[in-house]
Every structure is written in C-alpha cells, then in structure tokens.
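You will see chain A twice below: alongside chain B first, and alongside chain C after that.
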Partner chain A sequence: MAETRVERQVARTLAKRGERAGWTRQRERLYVAYAVPALLILFVVTIVPTLFLLGTSLTNLNPSMPGTLRFIGLQNYQVLLQQDRFWNSIWVQVRLSFWTVSLQLLIGLGIALLLNSRLRFLELIRSLFIIPMVLPPVVVAIIWKVLFVPNISPVSWALSLAGIQGPAWLVHPFWALFAIIVAETWEWFPFTMLMLLAALQMMPEEPLEAAKIDGASSVQVLWHIVLPLLKPAIIVALLFRLIDSVKAFPHIYIMTAGGPGVATEPTNFYAYLQAFTFSLVGFGSSISTIILILTLALSLLIVRIVGRMVDYE
Partner chain B sequence: MSSRRAVHAGTSAGRRSLQRTLAYLLLLLLTLGTLFPFYWLLQMSLKTGFAMFEMPPRLIFTPSLENYHAVLSREFIASFSNSTVASLSTTVLSLIFGVPAAYGLARTRFRGEGLISFWVLGTRMAPPVAFAIPFFLAYMRLDLLDTIQGLVLVYLTVNLSLVIWMMRAYFEGLPRSLEEAAFIDGASVTQTFLRITLPLSAPGLATTAIFCFLLSWNDFFYALVLTSSKAVTAPVAIVNFMGYMGTEWGKITAGGTLIMLPVVAFSFAVRKYLIRGLTAGAVKG
Partner chain C sequence: MSRTLTRNRRIPSVSRRTLLKGAALAALPALGASFLAPCRPAAAQAKPYAGRSITVWITNHIYARGLREILPEFESKTGIKVTMDLLNFDVHNQRADLQLSSGAGNVDVMNLTFIFAGRWIGANWCTDLTPLLNDPKMTRPDEVDVKDFIAGAISPFSRGEKIFGLPWVAETTMLMYRADIFKEKGIASPPKTYEEMTEIAKRIHSKDVAGNLSRGTNGLHWTWPNWLYAYGGKVFANPPADMTPQLNSKESVAGTKQFDLVSTDYGVPGSMAFTDSDAQAIFNQGRAAMMVDALGVLSAALDRKQSQVVDKVSFALPPAGPAGFKPQIAAHALQIPAGVKDKGPGWEFIKWATSKEILRKAAMEKSHLAVPRASVLSDSEYKKQFTWGGADMGALQTKVLDAAGAGYMTYRTVREFPQVGSRMVIALTEISSRQKSVERALDDLQKDVIGIVQQAGHKINESELPKR
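What follows is the complex of A and B.
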C-alpha cells in the first residue's frame, strides 16, 4: 500500500518532469523560430553581398563597358599591390588613423578624468560634450569646411591678428590632412570620453583610497592605479575608433575630395573612387575586400576582449 | 607639533582648492572650444550676405531667417521627406523583425552564439563601400537604384543587427519570474512575449528605435551612391549646394542646421545609452 503510494508519487513526478521537459523543448523551438526571419534577412543583406563582393573582386567588371566581363583570378590584387596610389592611400590611412585615434584617446581620457564626479553641473557639461559625436557627419564636415576655407575662416582671421598668415588649409597637402584630422578628432573624442568615463565610474574605490592613505600623489595614483585599471576600456575604445577611422568618408568627400592630388586619399576613399567614379567595379571590389578583411580581423579582437571583460565581472 | 601639522594640512587644502579651480577653468575652456564650431554654424545660418563672412564677426546681430526661406525649396523639402520616410521605414522594419529575434536569442542557449555576436559586430564594423558595390550592382538589375525601398533595404544591414544586439541585452536583463508566472498560468510563448515582456521593455524599445532612426538619418555614403535624383536624402541634397556655381554658404548652413536639430534633440533623450548604441550593444556604458 505504502509502496504503491510512493510509486505513484514517483510516477507522477516523472510524468510531470517529462511533460515539463517536452514543454521546455517546445518553447525552445519557438524561441529559435522567433530568431529565424531576422537572421535570414541579415544573411541576405550581409553574407550574400560579401560573397558577391569576393566574386566581383576576381573579375574586370566595369558597368560602363557592358559585355567585357571576364574572370581574371587574382589579377586585381596583383595590380593593386604594385600600385603607388594604393600604397599612398594606405600611408594616408595610417597617418590619419594614428593621429585621430591617439588624439581622441588623449583628449577623451583627459576630459573623462576632469568630469569624473557626480556633481550635477558636471553632468550637464557632459551632455554638451556629446554634441559633436551625434551630429550628422555631413554637418561636421560642413562646419569644418567653413572653418578652414581661407577667405571666410575665423581660424585664419584669428591667426592674422597674431600676425601669422594662415595657409590655404584645404589645398595644401600637409594642412589638408591636418584639417581632416582636426575634424575627425573633434567629432569622435566624446566617444572615448564617454567610454572611459563609464569605466572610471565603475572603478572600485578601495585601491584609490589605500594609495591616498599611503601618501601617493594624484599623478602617481593616476599612473600606477587608474590607468592600469582602465586598460581594457582603453583598448576597446581604441579598437572601435581605429576601425571607424578606416571608414572616414564624408569629411574627405566634402572637405578635400582626396586632394590636393592624392594627399588626403585614404584606402576607403580610393575604393569609392575606383568603383563609383571610374566605374572600375572589379578593381574597387578588390580594394574593398582588403579593407573588409582588415576591419573584421580587428572586430574579432574586440569580441575576444569584450568577452573576457564580461567574464571577469 | 600639532600646530605644524595644522599648517601643513592648511597648505595642502589650499593647494587642492587651487587645483580644483584650475581644473574647472580648464573644463570651461574645453567646453567653449568644443562648442565653438557648432555655434559658428548656427550663427552663420542666421546671418545674410556680407555679414556671414564679416571679420571680426558680429556677436550681436538681428537674426534673419532669409537663409531658411531660401533653402526650403521644393527639392530640399522633398529630400527632407525622403530622409524621414527612409529612416522611419527602416526603424519600423528593423523593430518588427529584430525585436522577436532578440527575444528568441535572449531566451535560448546555443552553440553558435559567439559566431552570431561576431557576425553582428562585423556588420556594424564593415566598411560601407564593401556592401555598396554588391547592392549597387543588384539594384541596377532590380531597378532599385534611386528608390527609397532600395535605401531601406541597405539600411537594414546595420539597423537590424543593432536592434538584435541592443534588445537581446535588454531582454536578458529583465527578470524571468514574471514570464515563468505567466507560463504557469497557461499562457503561450507568444502571449507571454506580447503581453508581459514587450510592455516591460518600452524604455529599451524607445531607445533602440531612436538609434535606428539616427543611424539612417545620418547616413551619407549609401544615399550618395545609391540615389541620384528622386530618392535623394537631405544630407546629399545639402552637399549638392556645393556645386559648379560656387558654394551657397547660406543654404548650406541653414540646411545643415535643419538636419541636425532633430538629431541633437533625439540624442539628448538617449544620451545615457549612446555608447551602447554606437557599439551595437557590444559595450556597456
């Protein structure tokens, strides 16, 4: 009698558990079904075009000359690697990325340290600092074009007050790149600032307090404690800005159009010119493929680092 | 002894308050420096003729809306409405497809998760020119060049991944207990999602929607490459004022101000989530 009751109970629990397992499995299947349509669309608009791009990079495709389409293997890449203009574009890109990313990190870090406090009015100032970052990039480019066209430039006027004659900013090889670096830095330092500020505010207080009690100066605290703790955030901010700096477009299109000559023509802009201005779509595809591989490799690094940061939390 | 210590404390307190004053002064200068370019565009858009370029600039002047009247031609208004329609459609479509997907992904564990997060981030990071070439070729065949539908489709790349990633993190942060309670009461998965989870997610949905809108609204590259006349968006239309006839600074500054105002307003609404949005949800903060 007792046995059967226990048995019945066990049977009932087992049945319930089985039922629940079935129900959970059914739910799981529904959840997956929820994700399918969006992932399918994402597949069609991202993976398919990427494969297509790889394909066209192996051809001499030129829409302005219909009927000449041919498979030419890796020839585009061979030509590319021997071309001065391509290597020039890489060199422009390296300088552009180096200066914009370093300046953004330095300025962003400096302002984040100044703003790292819970005071009300500092929060208001923080909101003002985000303006450059949220403006449409076209507007940023227009603003800096206005500021750097010599006969209307307030910068040149201010220099003239000091007795210096400002250069013809946007048509001088050095100053044109300088102008673009200034515009890019202005637009994106708020990004590094916000990221580092978030990291600063999540920082544990104990090591800072301990160091102060031990008589460390604020510079020592910054150098030996704050910066090492900020390192992961700095690296992720750096990678994000580095990848985005490779895509700089509206500033160059509007401020200099890559000029004078090819002085401000980074690789991304060069790919655009080849594919859309000169209609050399096959050739442009090969340049784009190289940039794509580069950005994806850096993104993989971000996924690794961010994943590790989450693990430690 | 004690008095010496007091003196010491006094100087270090004095030094600290001096440091603080210097820090605030520096901050003030940096704020003014940061806002100056923005202010310059605004004040130029409100001046006319010679006054726009006058040096030293007049700080006090009677603002004029002449540039705004000039820029609001029929073509520019059409481009503005193209921008609005394209951005709103992209937002709605991305939410309709992306939100359920985000929910599904948040509630299941599976093996390819790392791969999908790389896919989404990679889409955010990929150079637009890499997508623009295949889209351009496909649109030539499909007659989608210079159409708003074409723009919306290409905007889905970045926007759909943005929605999936931001909303997934949001759903993962919601307590599961309410959903469990609904299941025990016999609600189906869809009922639970629509009646319990979605209403709880209103703030996250609003933030994500604003980000979608901003991303499409700010786009310049795709619109430049994939449209030419009737589907031109406002950012491209403004750049067209820098034409062969010389640069029409009045129209450019007024038009630039018009396209940035909605953006600045919306961004203030989501300022706490800017980093999350700009990194497609890969980074908190």
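What follows is the complex of A and C.
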C-alpha cells in the first residue's frame, strides 16, 4: 500500500521529534555527568563536615577523656541555652557586628566619594588606603594592641597632651569593645571603599548631569541620585561585611582574649574556647551549630530583603 | 676506546676475581660492626641517632632561651638535629593539647605543663619514661639521677612508680621589690603580710611608679591563689577526692578584696591585660615597686640587657595572710608524646636538657633560678651568685617549696583545672573592671565551677558548700 504525501510528512516530523528528544536527553545526561564530580566534592567538603558537626553536637565528646563519645540528645543545647555566658556572647556579637559594619560602610562610602576621580594623585592615595586590608589580621591586632596599652599607647599620650587621662583601654568593658571595633573597622573599611568606588565609577553620567542642569545642589544629587544608584553595591557590601563580622577572631584573640570578664567574648570565641582550649568538642559543636543556624537565617533574610529592594533591571 | 685509554695510562690490569676478593675483605669489618652494633647499648654508642632530626616544643622561658643557645653542644655530641620552638605559655598549651589529642607523633619532645599534667597523663597522651630510665641500653646508671630532682617538682609528673616527664623548672612564687624605692620612702623591710603589702603599695603609688604590678590574663589564676589560700580560702574542698568548689566562701571574698585593692587601686593601669612578657617589660622599665609572681617571670628583671632595675631589686618570701604563709609552686617537665614512634632521639634530648650539668649552666649563666635539682640549689657557687640584694634565692625557694609541699597545691593538677582557671580569670577581670562586685563575681564563679565539675562527672558534696 503506497504512503500518501501527508503520511510521509507526518512520519518525517515524528522522526525529527524523536531525534530531538533523544538529543535533549543526551545533553541532560552529559550535564549531569559533568556536574556529579563537582557536586560530590562539594558534598564531601561542605555537607559531610556539617553533618559531622550536627552529630557531634549531640554527644559529650571530649578527646582528653577516652570513652566520652556518647549520644546525649539535646543535652548540650539545654545547658547552653540556660547559660548567661552564651546569651552575653550573642549580645557581644550583635554589638560588634552592628558597629563594625555600620562604621565600615559609612567610612568606606565617605572615602569612596572623596576619591571618586581619575586624578593620578587620588589613585595613589587610593592604593595607600588599601594597606590595612592586605595586612594579616594578626599583625593588625598586634599594632592596635600596642596602640592601646596604657603605658606605651600613643593614643593615651596624645590625650595626655590635651590634659585628658586616657582609660586603661583593654581592661575596661566599654573601651575594650571600642578598641576591637576600631581595629576591625580600620582593617576592613577599604573593602567597602573599593566596592563602592567601583560602583561609583560605573555610574552613568546622564542622571547626574540632568540633575545639575535642573539646579540640584550637591547634597541633593548625593541623596536623590547617587545613593539610590549605589544601593545595590551598598547592600552587597553590607552582606559581605555582615557575614564576615561573625568570623571576627584574631583581633579578639590577640587584643583582649574575650576580656575583661566576658565583655568582648562573641559566640565564635566562646565556641573556640570550649572546643579547643578545654577539649569539650561536643559542647563546642553545639555552639557552632547555633552560630551556623543564626548565620544562615541572617543570610536568607538579607538575600530576601536585597531581592525586594534591588531592581537589577 | 676504553681499552686504548687503559693502555695509554698504564693502569695495571686487575682480574674480576681479585677485585671481588678485595671488596669482600674490605667490607668485612663494616659488616661485623653492623652485626655487633645492636648488641651494644644505645647509650654506650657514641652517636646512635646521628643524622636524625627532632622537633621540640617548649614554653618561652629564660631556661628555654638559654637551652637554644647551647643546642650546638647537644647536636655535635649526639649528631641529632634539633628544631626547637619557643612558644608563649598559652599558645604552647593550646597547640600541645590539640597535638596530643590527635595522637600525632611529629613533635618528639614537648613541655609537660603543670596545670595540664592531670589531663594529659590521665588521657594516656604522655609516654611512660620509666622503661627508658630502667633500660641500660637507653640510660646509663649515672646519667639521670632521679632522686636529685626536688620531690615537689617531679611528683606532679609521677603516677605511682611511673614517671611521665623530667622537670626543668620548679617555679615558686616570690615577692620582688624595689629596694631603692623602699629605702627612699623609709620602708625598713619587705611586707610580711598582705595587709602590709597593700599599705606599702598605697604609700609608694604615684603616676610614674605603681605600688604593685599583677600580671593579668591567665597569670591571674597563678597569682590570685597566693591571696586566696593565705586568707583561708580554697578552690576545691579536698581534690581530687572531693571536688566541691569553695570559691565564694567569706575567706575567699576577703582574700580577693585584698588582691583587687593592691592590683587595681595601687596597680599599673591596664595590667589585667598583661601577659608575662608585658609585665616583665613594665617592671624592667621601673614602673612598679612590687610584684608577686613566679621566680621564672621575676628573674627577667635580672637580665642586664633588658632591665633598667637590675641593681635596684631585691627578693623576699611572698607575704602571709590570716591563714598563714601559702605560696604557690608549679613545675614543668619535658615529655615524649605517646604518639612518637621512635622515642630514642627525644629521650636523648630530655636526658641532656634536664641533666645536672645543663641545669647548673642554665642557673649560673642564664639566671634560671628556679632549677628543680637539689644539687644545684645547694651548690655553694649558686648561693654565692644568687644572694641578691641580701636575699639568698636558694634558701627562699627551699622555704616556699617546703611550705607548698603541705599538699594544698593539688587543686592545680586535677584534670578540670584548665577550665576552672580560665573561669577564674573571667571573675577576676570582672572585679578589676568593676563589672561586678567581689561577692557577685565569686558567686557566679562558684556557680559555673559547680557546673564544670558536675559536667566532668564529679559529685557535689552539699555539706561542703561554703556558707557566707
């Protein structure tokens, strides 16, 4: 029986579709084949340690006491949540993050605005501002520790010239936290400065010129044009610095070791002491798990806010 | 080509058989020696570990710095190459704790720190040195005279007959004072009691020179107990049998108030954040008139290269309190971590570093006064050299060691002490920074230490809890 012309056309189309479907499947398989090794490595280096952390936090593991790897359920968390020291560490972290991130953004933005020019001299100055960021944090901490030790402190000496007796910076609960905030801000404001400066230099000229032609003052241009256009960069810098602020460690370790008392002891330092100084690995893991949950929640919150606020179109 | 060369140079031809015979004859002595070598004691061989390398971790102390200078002596004597890391006390302990817990054996010799002795030995992280001591192949009979170590210095590292470390220092607390300032102010003698000490500090204290200097950070759990015990306070009821904390008793409150007064009100501003080297630098600059601390810390003032007060200081026994004279002692030793597979080279180093000869040298040439060997402390040369500002240092140390030998120091070698000591530092800095009153800080300390000892599996004896 001879095929009609229409039947032949339908057969051709179906064959093509089959070929295409087969090709799509092959392509998908290839993608999976390429992605699986990377996903496996990612799983091993991120998910497995996290699962190990969660598992350990449910035990009383203490390597200095053989035979302590015993499942104790949520006991570590119960003890932890009843501790004033733990809640104090959260409060220290909140204050530390708030002040360091705010100051880094404000100073970084201010200097980025001042340096937003293509003058050769300003480019040189810009390089100088980057120095604190490229120094190892331990070096920064030692520099600031020396600056704040009363008998040799140039800060106290400068104050004494003005007739003011400087406090014993690192042993006063308020000034010790202040000293760490200063050191942390000094080291990391160049990061926000660089990000915002890059955004400023990418900014379109037209809206600025239009505003100036319309008679807007510099403050009005800054407030109504520059800052709204910088918002995405500011939020990204905020996100980076906020997440990084939770990791603040070397400055605290060198300058105050969490003291006086526990006035400068944030949660990560508390976890470190428990896990590594006292070998309470199970208990330390429970603190780390809480830090992980809080950081994840904070990141998700910020990403959602950023999603709402930033119009990438 | 080769044949031509041989012919031209007239090299005598040697048959293959002759060559083999000659080689066999030449190898015979070497072969014999290699068979005989294992039969000879390692100690008897001149350099049984020649060519080996070892790593040593030790705390940064006047003794360790001196030892590093004379390392070439050891290296040429044994052929062992030594990498010696001098670490800050806290850094060493933290690294050592991690290293030991991992079971790694890449550090051959390590400090066995007094306050960690209970924990590290209890966890089987340290090598029992007794088999090495008793093995004539490893140790000559006259090589380590264990009985020469002061009993209080070696007992923290012994468990029954087993010895886990050989001590290199027996720290004793002392009072160091500026004799020139005392004279200038008309103060006839060093204080005998802590009240007197506070009075003298008050008299001297000025903007330029503080009445007293107390080391801060982790040094606080070493200095504060001098006052605590002298006032009748205690850390635990009867350690290790009864670990009930006693930290908020009325005696403890009284001692702490006196300590805070002399350390904060008449102390160097900011000293609660000072490490031992910070404190040494400040005292050496002449900024304080008195200091109660370990002799190893104080003796930095006798280093002419660094100190401006070498000829102005003198020493005395630490003052007493209402409960009597209760100075503190601490010894540190050298140990071989359990994870080290070949313990021979490390053992050679320990024998050398803690020998009478080297410890005497460290004392006489480097002012390492706190030597743990009785033979050095009673040496007439030592006595002659270290009668400082009229104070016979050897005699002072012996008095402190005798007093502290009464048994109240056991609180420091229990497994839980590092954690408790760290919590003490928090309480003391809360007091000095006026975040809490003495009573409240000690109540909180007591509460937390109860938690720590319970977490470690101890029972609290309710009847032993202090009542104020």
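As a convention for this text, the second predicted complex is superposed on the first by the 251 of 313 C-alpha atoms of A that agree within 3 Å, B and C clash if a C-alpha of one lies under 4 Å from a C-alpha of the other, contacts with A are read in each partner's own complex, and residues count from 1 in each chain.
Note that in this section contacts are C-beta pairs under 8 Å (C-beta built on N, C-alpha and C of every residue); 3 or more make two chains touch, one makes a residue touch a chain.
Because the structure is predicted, anything quoted here is derived from the model rather than measured.
A.B. asks: Which partner does A:86 reach: the first (chain B), the second (chain C), both, or neither?
C.D. replies: neither
A.B. asks: Once the structures are superposed on A, label A:137 by its partner contacts, choosing first (chain B), second (chain C), both or neither.
C.D. replies: Touch status of A:137: first partner only.
A.B. asks: If you count the residues of chain A that each partner touches, which comes out higher, chain B or chain C?
C.D. replies: The partner that reaches more residues of chain A in the superposed model: B.
A.B. asks: Of the partners chain B and chain C, which touch A:168 in the superposed model: first, second, both, neither?
C.D. replies: second
A.B. asks: First (chain B), second (chain C), both or neither: which does A:249 touch?
C.D. replies: Only chain B; A:249 stays clear of chain C.
A.B. asks: Looking at the overlay, does A:150 come into contact with chain B only (first), chain C only (second), both, or neither?
C.D. replies: It touches chain C, and chain B stays clear.
A.B. asks: Is A:291 contacted by the first partner chain B, the second partner chain C, both or neither?
C.D. replies: The answer is first: A:291 touches chain B but not chain C.
A.B. asks: Who does A:99 touch here: chain B (first), chain C (second), both, or neither?
C.D. replies: The answer is neither, since A:99 touches no partner chain.
A.B. asks: Please report the chain A residues shared by its interface with chain B and its interface with chain C.
C.D. replies: After superposing on chain A, chain A residues 63, 149, 151, 276 contact both chain B and chain C.
A.B. asks: Report the residues of chain B in contact with chain A in the complex, numbered from low to high.
C.D. replies: 23, 26-27, 30-31, 34-35, 37-38, 40-41, 44, 52-53, 55-57, 97-98, 100-101, 103-105, 107-108, 110, 114, 116-119, 121-138, 140, 153-154, 156-157, 160-161, 164, 189-190, 193, 214, 217-218, 220-221, 224-225, 235, 238-239, 242, 247, 249, 252-253, 256, 259-260, 263-264, 267-268, 271, 274-275, 278-279, 282-285
A.B. asks: Can you tell me which positions in chain A touch chain B when the two form their complex?
C.D. replies: For this pair, the touching residues of chain A are 27-28, 30-39, 41-42, 45-46, 48-50, 52-53, 56, 61, 63, 111, 114-115, 125, 127-139, 142-144, 146-147, 149, 151-152, 154, 157, 186, 191, 194-195, 197-199, 236, 240, 243-244, 246-247, 249-250, 253-254, 268, 271-272, 275-276, 281, 284-285, 288-289, 291-292, 295-296, 298-300, 302-303, 306-307.
A.B. asks: Once bound in the complex, which stretches of chain A touch chain C?
C.D. replies: The contact residues of chain A facing chain C are 63-66, 79, 84-85, 149-151, 168-173, 256-263, 273, 276-280.
A.B. asks: Please name which positions on chain C make contact with chain A in the complex.
C.D. replies: 94, 97-98, 101, 119-120, 122-125, 216-217, 268-273, 278, 282, 285, 287, 415, 418-419, 422, 425-427, 429-430, 432-433, 435-436, 444, 448, 451, 455-456
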